[in-house]
Amino acid sequence: MKRIVYTILFFILLSNVSFAAKVDTVSVFSPSMNRDIKTVTILPADYDSKKEFPTIYLLHGYSGNYSDWVNKAPVIKELADRYSLIIVCPDGGFGSWYWDSPVDPAFRFETFVSKELVSWADQNLKTRKGREGRAIIGLSMGGHGALYLAFKHQDVYGAAGSTSGGVDIRPFPLNWDMAKRLGSYAENSSLWEENTVINLTHLLTPGSLEIMIDCGTSDFFYAVNEELHDKLLLRNIPHTYLVKPGAHNWPYWTNSILYQILFMNEYFKKAESAS
Amino acid sequence: MKRIVYTILFFILLSNVSFAAKVDTVSVFSPSMNRDIKTVTILPADYDSKKEFPTIYLLHGYSGNYSDWVNKAPVIKELADRYSLIIVCPDGGFGSWYWDSPVDPAFRFETFVSKELVSWADQNLKTRKGREGRAIIGLSMGGHGALYLAFKHQDVYGAAGSTSGGVDIRPFPLNWDMAKRLGSYAENSSLWEENTVINLTHLLTPGSLEIMIDCGTSDFFYAVNEELHDKLLLRNIPHTYLVKPGAHNWPYWTNSILYQILFMNEYFKKAESAS
Amino acid sequence: MKRIVYTILFFILLSNVSFAAKVDTVSVFSPSMNRDIKTVTILPADYDSKKEFPTIYLLHGYSGNYSDWVNKAPVIKELADRYSLIIVCPDGGFGSWYWDSPVDPAFRFETFVSKELVSWADQNLKTRKGREGRAIIGLSMGGHGALYLAFKHQDVYGAAGSTSGGVDIRPFPLNWDMAKRLGSYAENSSLWEENTVINLTHLLTPGSLEIMIDCGTSDFFYAVNEELHDKLLLRNIPHTYLVKPGAHNWPYWTNSILYQILFMNEYFKKAESAS
Amino acid sequence: MKRIVYTILFFILLSNVSFAAKVDTVSVFSPSMNRDIKTVTILPADYDSKKEFPTIYLLHGYSGNYSDWVNKAPVIKELADRYSLIIVCPDGGFGSWYWDSPVDPAFRFETFVSKELVSWADQNLKTRKGREGRAIIGLSMGGHGALYLAFKHQDVYGAAGSTSGGVDIRPFPLNWDMAKRLGSYAENSSLWEENTVINLTHLLTPGSLEIMIDCGTSDFFYAVNEELHDKLLLRNIPHTYLVKPGAHNWPYWTNSILYQILFMNEYFKKAESAS
């Protein structure tokens, strides 16, 4: 009898699963930038059943926007359901690199993502409050962003994941608007040194942050991810490192997010049982 | 309305999940060894609903037996349900290393696992036939075993996963009964060279086999896994490589199997859609 | 006849060797810290026979004190006799790291060891004056200390030896009182960067200092010693590098000091013949 | 009073030390080659005082002979005295590489050094019998020889040391008469593979042999020594590895032998206390 019930349940679930999670696009006001920032929120199918849910902040890459993840990797809706968690995908600008730009006050994405957006989510969604309930993941520019923000704001995030991340920006001085945000590398090298993830490992103490780094072996960011992995190993900073065949594209990221969210779910379970 | 149904479904599922998968211990006769080999089979909750299921052969480590995985990492039952697949855990002997021992005819575990057991499963369980429906995973001695058997029997298995695997045996000439199976390394070095996974990469062509290698950075097998990863990279053999904090123990393996079976599920989906 | 005399001499020497060297514990006043620092001095058996002797300053590790070396590795008394040199073992505090702490004025061990103690020794013992007559060796925290002080005070020391040394402190931000002496790594990273040995190689010019680095392959400091060795090789800084089986313990250090003092004796002979 | 005696003793010893050890050149008959082989023996100053002494077999390099070591590094006489041990320096031919040449029956130096010479020494000198009392060291061709013979004859030697050793011969196919002894590498590659030290590590089990490897960073053999070191590390074979500034010349070897014999003396002491 139980077996029959399960069979029915599974058919129902499988046939509907892509419709279950609730996706919204909202405008979140950024006081620091004095404008609205578009953001996608994904609520799990069981959103009505509980009081609070772990929340993943999910960052897009250069030239993308808030709708990239849900449109190009719709599997994240299934993952919200499977693991019963909220996903929040903010707009990070065409090329903000998630910095508070030291040379252009119009770009305050560090403040927006790590403070204003989190504050908005905690007030408007049934999020689990505290770093134990928050993770941040991103791809490419967003992989940099996730580690950059989490390293600097460990009080806000308990876990961080980078997929195909630009974890060292210095080998790419002419690319992707970075010089617009920091000034040219030649003339502003200290700003580049201070704002590249690989130089921020001193902010970490062993075990202070759960870290997942994923990069394809054919990615132009593979070398800098290897460097970061080696540095973290040498510095005794525990982290999970995942290397797969693949390049800098959505098939890679669609696959990667399966591992990233599995990792974050394990973190949330561990953090919850420890509290 | 749909949301309410989901909420109910989820509660039912969550409250029962550990009872869903069907676990049996069976005796599988090995013609080559002329004796029965104990084996655990795990059928997913929806076993009655479909005609065939992908199958994962899951190998234990040195000094273990067929019941290790289901007893010490019971999460594999949930994974069988979640991904709707069969798991088969054969006994691999106290220290067989899954070889057909060239010096002791009583040990024919290569033949048993890769031929006799697969044949039995295809006759007695609703397995998906063909390499596209079969993966093999193992831990420690079983990690070696999974790669050893899959490298040599790519017609049988389409994917292989090693967790904390002894992928090069030569640094351990005095350990874990290997000299009982192959003779001493000093006197039988060619047998050791021929039967260590790292020396069998010539059997692979790029893409011929899906490979997942996972090892903890504090594992005594970490160095040999790094060596294998480097060799596979140099030889252009696509493979997924996962490195996490941790050592040679069940907490590591209980976590690792989440990633291994996620990986295998992706393989099965891809193989099915390609056929 | 000569052979008989030798036989007699050897028996006499062997039977008395552990009594030969003269060991004292003295209090050396530190003007910078305005207190006495306990120090062990070891004079060779032939102290009365010559006007001056090369001197080795020998530093203890974290949680140790001035009496560690002579108590736990009494072989250093034989070495003082064999090579006819003075050994001075200052107290370095429970966890001073031999720095002049930039955050705690009570810790002035750089000044004490490299200036005040040397000055005291030159006035009170028959030391050979000048860098050609001085070497500094230490274990663990003291290995760091020996290189740190010698790199910065090449006018004082002509040779430096590290055994199991903490030659890069950054991977250990929470360990061994270092944060008490420098402030937390996250908040005072520039102090950590400026006070870790591996970042001080610019102070060296090829051949300016004789360097001996020894570390066991099972030591938790092995990785940072490999890093330092690689950096020194790349920078063309001549140095002797010794790697042995072993971990972070007194059996290792008791063995290591045999090689360290052999090395220093060769330096003293070369320096003397060059002058 | 004791101090005065010591002072006198030291003066006597220092003034005579270079005359103490007894050096002889003898002819040792080799049954396998049916001819006498010249050999230098060095007996320590206290030879009359004890019944048996540990013995070091010390091999010369290509184009050298039995008298090289004692003539060019006379410090070995002091070391024989200091550590109270016998040193035996056989002739190894102009370019025998200490092999039993598979292509030229006139060269049977493996048999001579590891069997015939040891047998002669045990009968004619007060050697300590058994592997616990024997070590073998060599430079360049002799470094290869020491490891080659000790790896293959662990029943004969308990410890082996290579200085500037040709531990992999394959990068040097045209050099130093090796092709005369093995045939050309192109035509006899399997003989080269079987007779190069780096390929013989399977003969070792962890701890079965004490090993000291020393090579200068400017030596043309440095790269192959690094390779051997890395392989031994990976294979879990404990060994001491010493890297110093320097090239392929007698100043290096004169310094190296100080460390080699210190190492062997520690082995002999440990072996004796264990027996």
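By letter and in written order, the chains are A, B, C and D; residue numbering begins at 1 in each of them.
Just so we're on the same page, contacts are C-beta pairs under 8 Å (C-beta built on N, C-alpha and C of every residue); 3 or more make two chains touch, one makes a residue touch a chain.
Here's who's who by UniProt: A, B, C, D = S-formylglutathione hydrolase FrmB.
Keep in mind that what you see is a predicted model, and the values were worked out from it rather than measured.
J.: Which chains are in contact with both chain C and chain D?
T.: Where chain C and chain D might share a partner, there is none at all.
J.: Give the chains in contact with both chain A and chain B, ordered by label.
T.: none
J.: Chain A-chain C contact: same residues or different, taking over half shared as same?
T.: Since fewer than half of the residue numbers are used by both chains, the interface counts as different.
J.: Whole-Å distance, chain B centre to chain C centre, using C-alpha means?
T.: Here the centre of chain C sits 52 Å away from the centre of chain B.
J.: Measuring from the mean C-alpha position of chain B to the mean C-alpha position of chain D, what distance in angstrom results?
T.: About 48 Å separates the centre of chain B from that of chain D.
J.: Approximately how many whole Å separate the CA-defined centres of chain A and chain D?
T.: The separation of the two C-alpha centroids amounts to 60 Å.
J.: Thinking of each chain as a vertex joined to the chains it touches, would you call that graph a line, ring, star, complete, or other?
T.: Graph shape, chains as nodes and touching pairs as edges: a ring.
J.: Applying that definition of touch, give me each pair of chains that meets it.
T.: Once each pair is checked, the touching ones are A-B, A-C, B-D, C-D.
J.: If you look only at chain C, which of its residues touch chain A in the complex?
T.: 170-174, 185-186, 189, 192, 223-224, 227
J.: Please output the residues of chain B touching chain A within their complex, sorted ascending.
T.: Residue list for chain B touching chain A: 2-7, 9-13, 16, 19-20, 45-49, 82, 84, 217, 229, 233, 238-245, 255, 258-259, 262, 266.
J.: Would you pull the chain A residues touching chain C in the complex into a rising list?
T.: 202-206, 234-236
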